[in-house]
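The chains carry the letters A, B, C and D, assigned in the order they are written, with residues numbered from 1 in each.
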Amino acid sequence: MSNLAVAADRKLAPRDYKSDLAPIWCPGCGDFGVLSALFKALSVCNLDPDKTVIVSGIGCSSRLPGFVATYGFHGVHGRVLPVATGIKCARPDLNVIGVGGDGDGYSIGGGHLSHAARRNPDVTYLIMNNNTYGLTKGQVSPTSMVPLASVQPRIDPKRWKTTPYGSTEDSINPVALAVAMDCSFVARGFSYRPNQLADILVEAIQHRGFALVDVFSPCPTFNQDQTEEFYRHRTYDIPADHDPTDKLAAFALASQQDAYPLGVLYRNPSKPSIVDEQEFLRRRWQHPEGEDDHLSLLDELLRRFA
Amino acid sequence: MTQETALSTATDVVIRLVGESGEGTVTLGDVMVEMFTQMGLDIYTFQTFPAEIKGGTVMYQLRGKSGVTLSPGDSVDILVALNDEGFSLFGSGLSENAILLYNSDAFTPPPDSNRTDIALPITTLAREQKEAIRHELEGEILKRLPAPVNTVGLGALMALLGAPLEPAEVYLQRVFGRKGEPVVRMNVSALQTGARYVMEQLGPNRAVLVHPVEQRQRRLMVTGNQMLSMGAIAAGLKFYAGYPITPASEIMEFLARELPAFGGTVIQAEDEIAALGMCLGASYAGQRAMTATSGPGLSLMVELANLAGQAEIPVVITDVQRGGASTGLPTKTSQGDLNLAIYGMHNESPRVVLACSSVEDTFWTTIEAFNLAEEFQCPVILLSDQSMATRRSTVPPPDVSHLQLVDRRTPTDEELANGYKRYLDTEDGISPMAIPGTPGGAYTSTGIEHDEVGDPGYTPELATRMKAKRFRKMAALLERHANRLVRHWGTPDEADVGIIAYGSLEGVIREATERAESEGIRVAHLHLRLLQPFPRQQVLEFAARCRTVLVPELTWSGQLANWIKVNTNLSVASLRKDDGLPFLSSDIYRRICELADTPHEGRYHQ
Amino acid sequence: MTQETALSTATDVVIRLVGESGEGTVTLGDVMVEMFTQMGLDIYTFQTFPAEIKGGTVMYQLRGKSGVTLSPGDSVDILVALNDEGFSLFGSGLSENAILLYNSDAFTPPPDSNRTDIALPITTLAREQKEAIRHELEGEILKRLPAPVNTVGLGALMALLGAPLEPAEVYLQRVFGRKGEPVVRMNVSALQTGARYVMEQLGPNRAVLVHPVEQRQRRLMVTGNQMLSMGAIAAGLKFYAGYPITPASEIMEFLARELPAFGGTVIQAEDEIAALGMCLGASYAGQRAMTATSGPGLSLMVELANLAGQAEIPVVITDVQRGGASTGLPTKTSQGDLNLAIYGMHNESPRVVLACSSVEDTFWTTIEAFNLAEEFQCPVILLSDQSMATRRSTVPPPDVSHLQLVDRRTPTDEELANGYKRYLDTEDGISPMAIPGTPGGAYTSTGIEHDEVGDPGYTPELATRMKAKRFRKMAALLERHANRLVRHWGTPDEADVGIIAYGSLEGVIREATERAESEGIRVAHLHLRLLQPFPRQQVLEFAARCRTVLVPELTWSGQLANWIKVNTNLSVASLRKDDGLPFLSSDIYRRICELADTPHEGRYHQ
Amino acid sequence: MSNLAVAADRKLAPRDYKSDLAPIWCPGCGDFGVLSALFKALSVCNLDPDKTVIVSGIGCSSRLPGFVATYGFHGVHGRVLPVATGIKCARPDLNVIGVGGDGDGYSIGGGHLSHAARRNPDVTYLIMNNNTYGLTKGQVSPTSMVPLASVQPRIDPKRWKTTPYGSTEDSINPVALAVAMDCSFVARGFSYRPNQLADILVEAIQHRGFALVDVFSPCPTFNQDQTEEFYRHRTYDIPADHDPTDKLAAFALASQQDAYPLGVLYRNPSKPSIVDEQEFLRRRWQHPEGEDDHLSLLDELLRRFA
């Protein structure tokens, strides 16, 4: 993010960002790893908790803001990005981080993603992707991979409740999509690689523009398919020679489906941000006296209709 | 026009222009508005458009009156029909001995003894005028130069009104000046031609229908949407996000031009859900935020408006009501969104519903909306409607010198020091709201049921207590503001007929009331600016001095009448329609007379 | 349990299990349900869950009764507390000389003379049982084998009830059979240990609380969501699209498993808007379609539900109501969506609102929903609620042999031959709807105001005429079906207290009514299955024979009471709360008594 | 589309698909060209009008269904794809075509696009892209290109009404996005190339799966920037050697912004369709007796809860 609001006078440790509320996640939930990585990233950036807002939707993952000692906005399902954009455009001086689940961000909230990418506000958007709907107890999400059980139907009520015979829908690739949307920062992490994840989050937070970080964060309670093991065997670090500013290369890399690259996939440092441009318009038109002279400005405006 | 106005120096004339959309009907109307304003008359206009972009018929009615003008007028004195379809759609509702000025190049109306018909071959005449100067201009310019059809019409109208042509000539100089002398000359001569053509047919004894008025005070010529936008700016609006929709788009378009100068931000969102989401974010962050939409958009905002009520986030949601359910009648007017504004939420969270009642009132009611949203930390739905929002009318400039702005309650240092509670359970239900950036104010705003701190909680006791806290704010609002948010017209004493209404009906009801009172019927009129929470006390006191209560509204089922019932148990007479057009004051007047004549089961003293 | 039931052979016992969510509380409850069912008792259960996935306290109350069971019971006879928090949250509401069985490994309750406390070191006992067989199993299996905590609890409970252990042993054989003999042995011995442990403390003179009943007819053990799903299948549901949400998800999950066998399609949509959009497409294409959601989802469906009303497309929208505004109390119950179901639209289009009143009734009311949607070509909002939807209870199997299904009116050959009119203005307002594929039936369905053919039109006359046509359907519905869609309980004659209610309150009200009547108070109960259009006639006739009318409901503002006011002008006594929990029948009973004692301003004959 | 429903007994001419309702578009509207190209394509495929449904949203372009003599569904703003998907899944025997504007499809309705691509129903989706909101009289749409007027502010009320100083948002590239979504058929047309457009539409209609056809269809009334001229100079035909089944190549081609390629950009013939898979599930589970025995099936189901 541009000119971050940092704690001027003191150096904050990860634990300083912990709130009094204890996480309500199941034992073994991937979100614990994400939370501690976030604590670490916040402390590395030394963000001022009083000038930082964490916005979320609804879901297990979306309960995160309550566990962090910053300002928080726990809204409704799927509207993280409009709310975060509103906060950042209204108050460019605040650090704004959006968090939520794959259902919240890619299903009901999926329509807002390309527009956030267009606007490119200085907002970091962290998706805890467990390839399922956790809070509603295990249905498919757009990132679930549940092939049609053409032969032996699986009727295990605890598994993939709304698609007991497998899903009739393909899954989406959020990072490839984000690159195509020209989202100015696209990265992927894994909750069981907390240090790497913390580094990615630091980069995302420091990035000037909209940053999407999709994190594999397994749900042991409802997803027995995409487990910690699953991702341990199917993830690898992005090779050092990858040039994140090369869009086509980034798209090719992000499109990998057999194994998933971890790290920063794409970067567009030159993309303008709505926050700066709105700031520009306000300065461009603001009268020298500025707001203090609200009434005379108002009178001028009214006069134009006389 | 009634006989005596024609003779006296008072002016009250209603002109209706009809023609193919895009044919310049609107331009001609706007010019006439300008002419009338220059004559110091008060203007009240009403337009209807087809739902398509081009094609279809436009109707532009304007009333010029010396003194306060409360309605577009019941009957038309001068009908200008540029095409056949327009005439057949809008040819009725003329006053006795009205004048029809029709485009004789396009059609010939069936004769009608109650009408003076004046033929004007407007296209032919205009073409001749252009011919006259063709040798003076070279090809390209000439090709792009339209024949002065509107100017011919203008001349004809001025003549019909018995008005001097000079102001019109000055106007033409101004508008066409930069196009060069020949073009100006063409237009001036077109003006005179139109006028001459009419005078010849009228003959010597022509009535003078307009008399200039000396205006001490400058007046504004504005639409309701413009007044709403300026009211929002006056109220300190700093953030607007919206999605285009007829008839509300003009508000966003106005603010996009003007708000930056006031240090504000305007964003066109991807849809109405995002628009409201952005506003909630901005307001949570401490800025005054508004979105504006119409019915279909309000329908999409239902979920987030409820979050605003539950999480206690101030926001103003303007609904410029239009006609019909679903896409319905997108360019027509209605009051049919009242139910949605009041009841549009799953389960219940506190919310305020206000309504603008005239172009002039829109400015002040909008300011009330922002102040109430801030004071009570909740969504305020601000109702307007198509007829009022798109109408141009003359209003005295609002005196903003003693403008009062209310700020939301923020935590004191003590409250921040000793374990800040965002949702503190106070006597009036209003809790301290920390703005991000406030040291020690960190909290999480949430729509889940929560305790005073904001942590999720689900016990029956907590749920009941916190809901009671939120709803106490509405009781406090009534106590502090309800008296100011209703308006009294007509007799202050006992009345034969009492009228309770809201929104854009205020003018026509006042006109009908004055007429009925001038005929000895005692009529009282209570106009509601505040609809939710319902000003029960004020309504009951009003009803107690009325033998009957009439509730006119532009809804199908009588939404306002039912809302009154729910809150007061009063049984009222409902006058309603929802066909896309506003009431005529005569509709109201007729019902008043009926009710005044019918026997009653006595007054409402209970 | 009242004394005499304890002695007689009638059974009526209320057990409440509380413990950490995930601790097996629910499993133990389900086993007890199975035991009771085997004994031929009627079951009525009630559960509350925390809003989190794990952690938090689960409460599982089950009542076993010989004969019809209308409520989960007012007071608890046996409380099984597995942890301290559960005991403090749900430890109240016990009957006199109730028994508390508590996990003495976890906590010790404060002594209370009105209670018989029985300590059960359930974890210790269970671990011992596992120890006893550890040598017989190899490592892996042993590690994954849980200690038989629930089985110890089961034994203890059976002993407390004075019930024979055999059925439980049979059950254990069945469940653990495939895990091998040692595991079965471990569980059987755990069962006996639990039982023995309790009997020792109870001593010789133990009351026998349950008496097996001979059941002639097989009964179903189902939840409201299951009955709703099966009702939809019975009604010919062919297309379901939905988006997961508590407490409605179970419906989609059930249908995803079962509908394919009936030739139907189930799609999980990306959100509720898409879900309803898909349903409208499928229904337009001729298939019976349904979606199911809860409050937040219904809020998002407002715009498309209105299209269905305006374009006249049949669809069933199920709302399993949950607690609180916005995210609110997602796992609790409420009736707070009534306003949204009735009024949730901009401007007005016709719509039907039905409500299920019990697990058994849900099956039939769901079928009504589909039939009304088809007959009147409009959206039907079908209300259920969390308490009824997630409750397991025993119901007689519905007799589907004389199941009646209604089909939408399609055009006749004549109507197709002579310029087909999709929106033909008929006497009852019902127009012929051509299904795509019908030769000559091509038309465009639209939400814009339109003429009979379906072409857009905006004149005031057309708008009024077509709206009147659409709303005439609701009048026809009342005429044809209203009588069937209200249910009468209590006295058919004059009553001291008349109760009007809807939804899941039917059982507790019936129970309260029976109790009051047994004490000489004349109580009548009108239960509404149809809420919109409002069965005005039926309600007025009912009210006319009641000295007072009581309206109990689980809402904050008295939504049903207000809806009755709007439609009838009756002033009623409102009994309401909205804290996430259902009423106890004693809440209703107490209010009945108060009203029966208070003087009245006489009956409602107007 | 798979096994199209064609007029068995007769050969239909373009005019046979014309309804009695005359288009209400402005003179010179690009949508006229799209409509006639559609008429031509329908007649080439000889689709049975009685078995064809055209679904639209709200907008000038969305008025199209009324002008065609097939079944039509003129719904609400932005919900073309859910409705079309519902129709096609419920009635695989019908031909389903969705139409609408860039605002309808990419702004308010944009969230449904990736899910339609995942499901891949046999639906052709034709977007009349005029880079503006026509019906609401000329605001920016997600495809508008209105750079920030940093120097000389343009306050011409008739132009870009909500962004008088230019837009603070980047525009999206719908075809590149569609490729990233693995939409199984992606093409681009131009309303002033009616023959090419008709050919593209024929291919799209015959394609077995979800086909997105984005058509430049200028709005002379409100968009003086992206005019017929503008596109005449900035479009070119896709070179013959382009392999539409090569996703990376398709993405590169679709990403071109200086000039816009016309024709079929991408194709994924092997992507399964929800329509077929749902059909499979129904067949897989349907009892031999089939529906006729509704009651006994129902009884069996009920019995399971006894």
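As a convention for this text, contacts are C-beta pairs under 8 Å (C-beta built on N, C-alpha and C of every residue); 3 or more make two chains touch, one makes a residue touch a chain.
Because the structure is predicted, anything quoted here is derived from the model rather than measured.
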| item | value |
| --- | --- |
| From the options A-B, A-C or C-D, the pair that copies B-D, where over half of the contact pairs coincide | A-C |
| More contacts between chains, A-C or A-B | A-B |
| Mean-CA-position distance for chain D and chain C (Å) | 42 |
| Chain A and chain D, separation of their C-alpha mean positions in angstrom | 30 |
| Centre distance in Å when chain A and chain C are each reduced to the mean of their C-alpha atoms | 38 |
| Numbers and ranges of chain A residues touching at least 2 other chains | 76, 107-108, 110-112, 115, 119, 142, 165, 168-169, 274, 278, 281, 284 |
| Shared interface positions of chain B, touching two or more other chains | 260, 267, 270-271, 296, 303, 307, 311, 326-327, 446-448, 456 |
| Partner chain B, residues of chain D touching it in the complex | 24-27, 58, 60, 63, 76-78, 107-108, 110, 133-137, 139-140, 142, 155, 157, 161-165, 168-169, 221 |
| Chain B-touching residues of chain C, taken from the complex the two chains share | 50-51, 89, 294-296, 298-300, 302-303, 306-307, 309-311, 321, 323-332, 334, 336-337, 339-340, 342-349, 446-449, 456, 458-461, 463-464, 467, 471, 555-557, 562, 565-566, 569, 571, 577-581 |
| Chain D-facing residues of chain A, complex | 106-112, 114-115, 117-120, 142, 148, 150, 153, 165, 168-173, 176-177, 179-182, 247-248, 251-252, 255, 271-272, 274, 277-278, 280-281, 284 |
| Chain B to chain D touching residues, read off their complex | 52-56, 243-246, 249, 252-253, 256-257, 260, 266-268, 270-272, 296, 326-327 |
| Chain A contact footprint on chain B (complex, rising order) | 218-222, 226, 230, 233-234, 236, 238-239, 241, 258, 260-265, 267, 269-271, 273-282, 284-287, 289, 303-304, 307, 311, 397-398, 400-401, 403, 434, 436-448, 454-456 |
